[in-house]
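Letters are used for the chains, namely A, B, C, D, E, F, G and H, taken in the order the chains are written, and counting of residues starts over at 1 for each.
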């Protein structure tokens, strides 16, 4: 059963979440994905949220750029934790970031960094939430962090070799 | 019959539109005003738009600050011209401005300057739209601009006196 | 009879409005277009505004970049609604945006987003103004929004297929 | 048993979280609070995280300003969800915001708005996470949102009275 | 005969130029001053430029805030050197600065710093231009710089005394 | 005899002034050009200023990027009008712009736009200063502006043809 | 013998360094202080640097605001380590920061934070440099950091008491 | 014996320090280099600092991008002077710059410019610190500055030739 629901404001946002989707698939973590615009398809967006809630989704990731209203609009219609990803734009994604992070008191959206790193971190954060109830996910995250440390050390060794030549 | 509908995202936005409301009242131009949040009362916001449309409102002014989604959310639910006013915030209103002006292609919001001047100009712009069908409003605007010119000249005279002392 | 007048501050701004011009032509919506600089050809700019007013133009779209004075200068000489498009520059179009949106109280300019989306939205907004008197344009906009919704749904289906592979 | 742990980078950050602390106390939601600097007391910060983990804390809120490293440093040492609050500074809190939200891929921090609203929303978001396992908290949130809607309507009525005078 | 003409976009800009006006009066340097808006009184602005040109003015200083079009509009109508002063605004004067300094190639405006220092420097710069033909003004500037150096040394002595207490 | 002296902080700034140099050469307007760094060759910079002053130079153009101190350092050592050109950098030239335009009261630098347009305008502005004593240069500028107007009209005609196809 | 030399671009910068001066005096760490402007008193600035070098100064701290050229100009004339402090301005000190930190390759300036914290940290950093040769200063810094840790713990205890009331 | 220790937050930061590493190697100045992340390998980062301290390193250069915590985290664990290099990012490196330069009072980090120039200047600054005890390094720096001056003069000559063609 999928616990993570992903909504993109536009299919052009997909490249920023692609690495994360591949990560989820590779690690057999269930998720659902939809494209729905807060402005062009507002009712459809609400319908997707309801369907997500009814099918057991526990965390919603919403990505949008520019006047990036999607995460806030999703948060307005659910009590599930909503994670927002600001997509990079011609203003470097600052417009997206401010539109997502500066939510008024009362309707929270958890915001992540602009672009790919933010997208990947939103997925890791979703897993941290799920890990509070699911030990398998916790173990997965423990292993992920260890592997990540190994990778840093390997990169350091490679660089030292390169430099000492 | 009121032709202008005003929605504030929060009652704390009122000071930025107060001068404009006084201007409308002083000149006997009908309008309706509501507080409704895009996030806290999303359904109520849609209900107000519908009521506005059914009661003959022809232009909607929406003011909001921070992740200022209100004008965009209003525009998503109507084909009436929507004018957005970015309210000043701790980020100087830049967050509000970007959240309003950087709408995705397909759902337009006409944006005005941050704070009081923007608020006042949104009302003048609403009158310019209404003036396309209403000669009385056009005459009112012609007179407004002339008075405005006189005011500049008077201020210039006063300043020259002050400086020559 | 054309109802929409477009003025570009420079012919190098044309790429940002090209998609909108194609949209107008494809949908047989009349418009006039001119290049005129607020600084290099100030008198010519005023002449064009007068000609627009006399030939039945009801909305003027003005695009400019950098110290983007054109929309404000146009607005200073007409009571027709003026829509401003900030063109992208080496400062990401922030200079254009501030120069257009931060008009002083008294002379309103309705501002749209930086670059292509803003250009397209200014045309849609012009149609929303014209639709207040013209039911055909209103019907056109109703259909446009419906088609736009369909497009989102199709894109969502395509993405879901792509992801599930 | 407290489920929410709060760490402030400095006691001068307290005013930005005070409203949220009062909210937690008024609603009898358990929490722990500490002041600890990522830079001045790095080992103590790690000790607090360990103590939080061992005492059943499930979400950590970390507030910091300027080169606001605290939330990221906390996230580096735990798999619990970490919520970051950028404190307002002489740079309007932009330095705090960028230092918190732009985390590298691999160590996620969920970021909220600058200052008071962000502080309050981080608490609401923590409750949304806890509500995934705790129906009482979910009911509390359902009621909170309803009360919030009533408050908007009341404010709207008050404003309409004020304006109609 | 006055050689320096000053135009303010609004009388509210006067405080930023007041120190400079006092400096001119105290040193018996002739100047003319006017308030005229690029947007509210466009024709009057051109009339003032013509009058300035005909009465022997050789440098024009123009101050404006927000969408600060005045210096550019003045420059569009004259070949006299135009000096622009960006007035401080709610956006810290960045909107004014960009609107003045980012002029398109072909119509130059010499821009000075935001607010008081910029205002004062524009007057000194005007004197540097006039000094190219007028040795008295050159001598005045030579003396001004020497006095300025003495002032720095005196301030240094005072501070050293204060610190050594 | 050359009246315009140009100093570049680095030879890598040349592309931003190249168009202007070609303009000067094509129109047989004398100028001198040097590369000298405010930081790497401070004494040489002063020597060049002295040589400029002694050889009849009347306006100095200084271009620099990043911590663009050159124009201010030049202005500190001369009473000739100094025109500053902010060169484009990885920060879009904002660092250069602020370093040049925000001079303290007492030592004026006339600042022009970031990059090519600013470079070209600084040359036109230098000519406007020289035109105060030299009627040939004035006539040259009158003709330049007329040619510039023709160019706008031609571009407008070309665009209208393109659009009407 | 004083090892630290401090130069302020203006006596109005003193409040930002006052806390640091008190810290030096209280701990009997020798220093010299001067006011000297990179622009108004360029030769005097060089004279001070020479005197500093000849009297055994080993680190120079330079504070300036706006087009804050002082630290870079100092660095251009010495091989001693130069520490720059950006003073807060109407642009929040961003102009000062960029003018100091964005030095071209070849002439380094070590930059610290905007305002008071930056001023204090520049002094601590100067002591870290001196501690490389002076064990007493190293011991002083070791103790300073321990005291700083105690202070954090005390503040934490005080806050916990306050919150638990 | 190496006196300079370099830590990169990621191996992808290497291109920004490569020129500096080549400079050190070419001039036979000893250094050590490591990749270690403040977030992914926090303990390893501390271990490297300890090893640096024990092996005679006297200055640490730390480079990082985005929420660039590495320099501050290093400074929190040592009394050696720490030099921070903000790496260029999608936000032009502004996020990196603010995360490094805006350190709280008590833990200093000396910050250099964004990207390559900053990286190179951090190495020169490290040499300036070492030169306080090492005359050979001082002589090296004296020669470096002289060579740098020659290079400027040569570039000036080349440009003048190019222009005079």
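Assorted remarks:
Just so we're on the same page, a contact is a pair of C-beta atoms (placed from the backbone, for glycine too) under 8 Å apart; a residue touches a chain by one contact, two chains touch by 3 or more.
Everything numeric here is computed off the predicted structure, so don't read it as measured data.
Listing every chain that touches chain D and chain H alike gives A, G. In summary, the chains found to touch both chain D and chain F are G, H. Shared numbers divided by all numbers used gives the overlap of an interface; between chain E and chain F this overlap exceeds half, so the copies present the same residues. Superposition of chain D on chain G using C-alpha atoms only gives a rotation of 90 degrees, nearest 5. The geometric centre of chain G is 19 Å away from that of chain H, both derived from CA atoms.
Computed from the mean C-alpha positions, the centre of chain A lies at a distance of 36 Å from the centre of chain B.
Centroids built from CA atoms put chain G at 48 Å from chain B. Within chain D, residues 10, 37, 40, 66-67, 91-92, 94, 101-104, 106-107, 109, 113-114, 117, 145, 148 each touch two or more of the remaining chains. Chains touching one another form the pairs A-B, A-C, A-D, A-H, B-C, B-D, B-E, C-E, C-F, D-G, D-H, E-F, E-G, F-G, F-H, G-H. Those residues of chain B whose C-beta lies close enough to touch chain D in the complex are 8, 10-11, 14, 21, 33-37, 40-41, 44, 66-67, 90-92.
Residues 88, 92-94, 113-115, 117, 145, 148-149, 151-153, 155-156, 158-160, 162-163 of chain B touch chain E in their complex. Contacts from chain E toward chain F in the complex involve residues 58, 79-81, 83, 97, 101-114, 116-118, 120-122, 124-125, 128-129, 131-133, 138, 141-142, 145, 148. Only residues 9-10, 37-40, 42, 65-67, 69, 72-73, 75-77, 89, 91, 94-95, 98-104, 106-107, 109 of chain E touch chain C when the two sit together in their complex.
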